[in-house]
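These are the structures, in structure tokens.
Each of the next two complexes has subunit A plus one other chain: subunit B in the first, subunit C in the second.
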Partner chain A sequence: MFFNRTLATLLASAVIASPVFASTIKIGEVGSMSGSEATFGVSTHEGISLAIKEQNAKGGIKGKKIELISLDNQGKPEEAAIATTKLVTQDKVTAVLGEVASSRSLAMAPIAQQNKVPMISPSSTNPKVTEVGDYIFRVCFIDPFQGKVMAKFASDELKAKKVAILRDVKSDYSVGLSNFFTEAFKKSGGEIVVDQSYSSGEVDFNSQLTSIRAKKPDAIFVPGYYTEVGLIAKQARKLGIKVPLLGGDGWDSEKLYEIGGKSLNNSYFSNHYSQEDQSASVQNFIKSYKTAYKKTPDGLAAMGYDAAQVLFAAMDKTKSMSAGEIRDALAKTKDFQAVTGRITIDEKRNASKPAVVLEVKDGKFLYKSTVNP
Partner chain B sequence: MAEFIQYLINGLSQGGTYALIALGYTMVFGILQLINFAHGEVYMLGAFSGLYTSKLAGPQLSAFFNKIFNGAADQMSTPAAICTAIVIIMVAMVVCALVGFCVERLAYRPLRSSPRINLLITAVGVSLFFQYSGQIIFGSDPKAYPDLFENLESWTFGSDENLLVINPLQVFVFVTAIVLMLILRHIIFHTRLGRAMRAVSFNHDLASLMGIPTDRVIAATFMLGSALAGAAGVMVGMTYPKVEPLMGSLPGLKAFCAAVLGGIGNVTGAVLGSFILGLAEALLSGYGTPTYKDALAFAILIFILLIKPSGLLGVHRTEKV
Partner chain C sequence: MGSAYKSEEKSTAAGIMSLRWWMLAIGFAWLLNYFLPDVMSPYYFQILILAGINVILSVSLNLVNGFTGQFSMGHAGFMSVGGYLSAYLTTQFVESRPELFTDSVTGELLATGIVIYLAALIMGGLAATIVGYIVGLPSLRLRGDYLAIVTLGFGEIIRVVFLNTDAVGGARGLSGIKQFTSFGWVYTLVIVTIFCVWRVVHSAHGRILLSIREDEVAATAMGVNTTQGKVRAFAMGAFFAGVAGGLFAHYLTTLSPGTFDFNRSFEVIIMVVLGGMGSISGSVVAAILLTVLKEALRPLQQITGVDLRMVIYSLVLIIMMLARPKGIFGTNEIGDLIRRKKGAKGGAT
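For the complex of A and B:
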């Protein structure tokens, strides 16, 4: 028995070391390809796939083609954990890309960390994600910054003094972002008049909105995901609430407008990039994405593309492409020119980069301003 | 004060949808003593059949009704929108009645003589079957409902401090729930079918000895209950324009709690229980913590089972041994 186990360990370590000799580089992806936040996973997947296609067309990395193994987690943290375990232990992937939602990244990160497989989250903004360990990275900004951006926008641009908050208590992302917004908004002299909550999956928000309406805020901060935000906007307008709604990158989906419709006019959210950005890197990306998928990429598609690019650049810098080397190379990423801006990974393995504020108008996301960290 | 009344209105419209689902639970329980856990999924299927009907035939339907009401085919008027909605609801009710019939015929009837626990487990199985095949067929991402009532203005009373806004859809849901309950009461207490249903509910074997076609009566009960759930599905889709294959499980469970609260097996009780639950949820989210909203239904369930297990309007039945 003991002998068997030693043998097994030996075999296992041989397999782990094998990417060096393998003909392809396996990269794992976990995303919500189905479930209530399906556009998050699908967009990210398309961004990653595009990056891989382009890299392979250029000859891959060090002469090896990249192979993507993507698994669906149906939008559930427990499924995300199972998928990560499978990628790491069975498929022996070199690195893991994912997830969009912070709750699901938090379920994946401990597994990647334990097995010492580098993981890059394209767009989980909750600070706790990379705090899990030194193998966990992200290529997006974090919520303390995002909260500050929206607080600044509310007080400077909208001249709001009183803001109401409607947070999703089931989501680490929404709770975190609400807290950081509150902190920043109070610091700038504003007042949070009411802090209401809901749980994702609910459809009726009339009661929460009625209690918010009674407090007469100048704006309402709703840092949820697009599925609920669309309904919230609709019900808010029906209840006679006319003030702007504010949110974060969780709003970024074409479905937002499909559900919320015109009720979303006069709403603003912070995001990773704007399609209206005229810089060459953005426009080139939009062009190749449109050729590949016949639609305009949302922010999460761009983040997926960037996460993959950052990973390839780091892999290219290593000698043997071992997990430790990739980790070190990722940590040294500096001024990497990506679609969503220059990416520098800081000592906490977060990316520091600018955010944009977008206005929702008749189904389009119009560029309002850029805020630098 | 206006705020309080607003909560009451929100609660009543929410209660209306619970009521339509709870009626189906209560009817099936009254007849078979079976908790049909697949009922929430029938509600989901109702929402989806409404969605596809309005996607496929919605524009033609509303153009047709517009022509009748104001001569022009391109102007959406309120009566035309309501007529379109009623047609869509009726289509969904027919689809769901068929689904209810099939479920009873294929899943429950073969088990009629087996212990009740087998039926209960089958019900859970049917429920999961619909949830997951729904995800395969419809896709599991949420679908947006086409907005028939886009131009419908809310009714506003008072202003500023005492603003009261009533969404006509909320009233529509509430009124439909009451009307359908009255029709159901009429069927149960004033028709031959209703008398047969009551007889089967009273004693299954004795009823069949009296020449009542029990199988047909049970099938009719399932179809009626499922049709009501289908109507609820469409109305929820119209009020909250987001439908997904898993949307039925939680409202289904809550409606079940409401039915138990009112006295399971009792039609008026199911409606009463649903309105109480709707109001309680609205008031809790308004004045307390909305986080506990979903827990409330189950807290009420436990409470009522401890205090008065037969429910508010239920009559205590002695268990035959």
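For the complex of A and C:
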């Protein structure tokens, strides 16, 4: 009975809420605004909301205001699926933004694809997400790209010739980064002198590091997560290895410095964006975010903001704003100036865009350079 | 206990008589499977499917927690065993022999594909049963809270195992699972689960379970092998949890270890407690009620902009438990309540 009543109420409200000449454009967002990963969802939501507020202040898109319907999924894939179905079939949104975690994006994507509603994931890095279908896009780079970025950085900026690799064999992420690093670094004329491995959860890396020391590399590529990387840095310095350590966005945590301390000085990792980047687009974003939310934006907020921006730009280019047209316009996105760099959507609907390289110095992540794809 | 005993005597007879009603119910589920999508929004349809999976979970857990009186907190673990195994099997098959699943010309699902899917579901259930047996045997020999602790630990261990198994995607999860699960299959299995649990509870074996719940010492004194009884109930509960996991995996088409953390086990426990420990109809009603409630509160979130869903959800639970500490149905079934009402009106007996 309870169900019947809600059904009736919802049906009634749906009828009232959808007049023939809609004056607003509805955009759906699914995020983990509660649950164990609530900070991800909240940051992304704030980024998206800020983008919409700014767009509406500029007069919306084609004279229509944008309305955001954001639903919480409590960090659960099945809730993400239900929320997406609701947005797509009940609220009839024009496009869906979300999710951060790949597991939830993968639950959402088939529904968006089936109903032919464009979906943009701000920060899911698993390549499988956009493989679901031609309506699924992302505005972040995928893992293989980071391997290439660091290879380029090592050979161009550090002038390294010999690099050692220490990979986490348990993580797809780490293995993927290592393989793409190897490929790109060899192509630019470098040499991988030794390839050692560990499993996440280990605490003693002395044997791997000793054999790395024997080969005298110019740098060591350690594309793991911050817990092990911190320990590796400490033990490497103790063994007298002074060369720079390199890594990917798995390093991006305050915990990194807590574990590794000063041993991490003279180390570099790739990331999505840096607050220290002095370009106008980054600084304007940080300024307006600070005024709106009284705090500095993290990477996820910037990605949420970018996802919305890319979507608006695509919508603006269409004639009738039909789903198919928006999809085509999204696929044609080229050199779009966003906070996290110039975004070009490639044929696999992934974003091709620059990554920033950050230097770790006394617990701070300093902006070092930008590497273009 | 005496009164419960009497009412069960009656319903046992009714249960045997009504086998054809169960078949009819399955037929009705398939009728709805084809008819409902035309008249119902996909959103409500999806909620119904997930509610069905929750019904299987809560009814099977009720067999352990409600009827046998053992407190298991590992239902999510068994669900993940079944889900992962069955999903792994079908994805492997789809990859190596795609011609068994879809007609290359029309793109329609083939009967062989459905048979493989059902076989995978049963394999998942059996795997969960074996795991349940291994976990249950040592801990169920003891009395008290040991089972709760062991199953809670087991649930976490199995999650970490999947997190570190590359064959099923590790932390990235298993994706690209084919969507076999439909309304018809979910509700067929809901009916099968309710039927099996109903028949077990109202059989001689069910008497053993009830005697263990009421007084284990007395049951042992009467010559009941309590450990065996408990382990059997536990393994059967695990089987249906595994099947539910398989349904879930083939509905959502993606699995990740995080889906099966202890919060999911608690959700199912809440359904069992809210419905009434030892009431099958209670578990069914509570599972549907709680699944629908979460969605019914969504408009509120959209209006207020704050997610008050879980606050209200929790409030509803607290109020329910204050008003009806034994759950919605206590140890009664819907049938008992209707009969009692009739009896009261007629003034007979």
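By definition in this document, the second predicted complex is superposed on the first by the 212 of 373 C-alpha atoms of A that agree within 3 Å, B and C clash if a C-alpha of one lies under 4 Å from a C-alpha of the other, contacts with A are read in each partner's own complex, and residues count from 1 in each chain.
In the analysis below, a contact is a pair of C-beta atoms (placed from the backbone, for glycine too) under 8 Å apart; a residue touches a chain by one contact, two chains touch by 3 or more.
Note that the coordinates shown come from a computational prediction; the quantities given were computed from them, not determined experimentally.
Of the two partner chains, subunit C is the only one that A:N126 touches; subunit B does not reach it. Of the two partner chains placed around the shared chain by superposition, neither subunit B nor subunit C is touched by A:E29.
Contacts of A:A107 after superposition: subunit C is touched, whereas subunit B is not reached. Within the superposed three-chain model, A:S211 lies in touch with subunit B and out of touch with subunit C [touch as defined at top]. By the touch criterion stated above, A:T39 is placed in contact with subunit B alone, subunit C being left untouched. Using the contact criterion defined above for the overlaid structures, shared-chain residue A:D252 touches neither subunit B nor subunit C, since it reaches no partner.
In the superposition on chain A, contact is made by A:G240 with subunit B only, not with subunit C. In the overlay built on the shared chain, the residue A:D168 is in contact with neither subunit B nor subunit C. Shared interface residues of subunit A (contacting subunit B in one complex, subunit C in the other): 34, 74.
For subunit A in complex with subunit B, the touching residues are 34-36, 38-39, 74, 169, 196-199, 201-204, 206-208, 210-211, 213-214, 227, 230-231, 234, 238-240, 255, 258-259, 261-262. The touching residues of subunit B, counted against subunit A in their complex, run 3, 6-7, 10-11, 14, 135, 139-142, 144, 147, 150, 154, 156, 163, 165, 167, 236, 240-242, 244, 247, 250, 281-283, 285-287, 289-291, 293-294.
Of all residues in subunit C, those touching subunit A in their complex are 41-44, 46-47, 50, 164, 166, 170-173, 175-176, 179, 248, 252-254, 256, 258-259, 288-289, 292-296, 298-299, 301-302, 307, 309-310. Subunit A contributes residues 2-3, 6-7, 9-10, 13, 33-34, 69, 71-72, 74-79, 81-82, 85-86, 89-90, 102-103, 106-107, 110, 126, 128, 170-172 to its touches with subunit C in the complex.
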